[in-house]
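By letter and in written order, the chains are A, B, C and D; residue numbering begins at 1 in each of them.
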């Protein structure tokens, strides 16, 4: 468990930096979480953050990597999965499960796969 | 034959673990192979290292350790275990804590999959 | 298919639910509280007799004995088996547990 | 992997949601299984059909609404078939239009034929 102050509020995360209370998330906090991951958020990051949050809200689970790849192919007009994966890892070098989910304020992937 | 076993109930609310144990022992005596026992749902409680029943009661921890020593893989689902507090610190020694993929692997590797 | 029923028919619909799926040559195996279905004079005697017309029915002897049911109290033609018999039945047919 | 080499596994869901954990942990298993490129099907019979009912709102329970996840099980998580038993729906005064997602409604006999093809069942 770790703690830090954000806008006068105590934010709790687990040892890996995932939010403990998903309700804490807002865009400003996403910037803070991104900084902890050494990721500088651009418009491209935000598109994926919004998409994954929307998906989680709608279906109650985080998307499969496959769905994320498909979405990226659509959003960025990329020809194939390989290009999409490259794109995702350029934005989130340590992987979407780790960094995108964390910054977007989703729970830590259960690690079953 | 190769049997895969799925245990979904805890050690006390239901008889499932007892039936499964007797089934496993009988199958092994008959020369069949147990590909693995996967603990899911409340089944993960069977592998808590904090169980301490009175000494004149059947001790599921001991019984399972006996079959483990005979080479049977006992696999605790990591997600179901975490939810219920059955994690590295609280699970019996030499246990495998692993993902649900292992359950599917048991389905693939076994001639028969049986749920208790 | 091997249909295994482990709940008492008096508290659960598992027996009835399994019988909706029973086909010729399938086996019905009663274990744990499921063995109460096979007691003579009980509410489910006729239902089980109907099943016995087309299917074999087995009862796990350990569960029958534990519950104070004598062999003579078990519906005719329902066969008692031990855990090794249980293992044999699972070898014969693909099991589905009706809990 | 060819279709013949794939292992056919069927989740047999007979529990209504929320009264116990079976539905929730069954879904978690389904989601994981999809990634392994086997032939996975899910069948809803008996009270299991309630899991698919439209309009579930768990906000007052304070729990997650897993019925929403069924909408993407096939497309996003590679579950090959979702079957619902027709008789169980009818007994409960439900029909296909009451369900949250598109499924294959089969009568008992047809579902039993599917079961005969399975290598393994996972009852929940």
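As a convention for this text, a residue touches a chain if its C-beta (ideal position, glycine included) is under 8 Å from a C-beta of that chain, and two chains touch if they have at least 3 such contacts.
Note that the structure is a prediction, hence the values are computed from the model and not measured.
Of all chains, A has its CA centroid at the greatest distance from the CA centroid of chain B. Here the chain at the heart of the shown protein, by mean C-alpha position, is D.
Computed centre separation for the pair chain A/chain B is 36 angstrom, with centres defined by C-alpha atoms.
In this assembly, the C-alpha centroid of chain B lies 25 Å from the C-alpha centroid of chain C. Measuring from the averaged C-alpha position of chain C to that of chain D gives a distance of 27 Å. Annotation for chain A: residues touching 2 or more other chains are 110, 112-113. Taken residue by residue, chain B touches two or more other chains at 79, 99-101, 112-113, 115, whereas all remaining positions touch fewer.
The multi-chain contact residues of chain D, meaning those touching 2 or more other chains, are 28, 32, 35, 119-121, 123. Touching chain A in their complex are the following residues of chain D: 27-28, 31-32, 34-35, 64-66, 68-69, 71-72, 76-78. By the touch rule above, chain A contacts chain D in their complex via residues 58-61, 63-64, 66-67, 110, 112-113. On the chain C side of its complex with chain D, the touching residues are 1, 13, 17, 20-21, 23, 94-99.
Touching chain B in their complex are the following residues of chain C: 6, 31-33, 60, 62-63, 82-84, 86-87, 90-91, 94-95, 97. Taken together, the chain D residues at the contact with chain B in this complex read 7, 9, 21-22, 25, 28-29, 32-33, 35-36, 38, 119-124.
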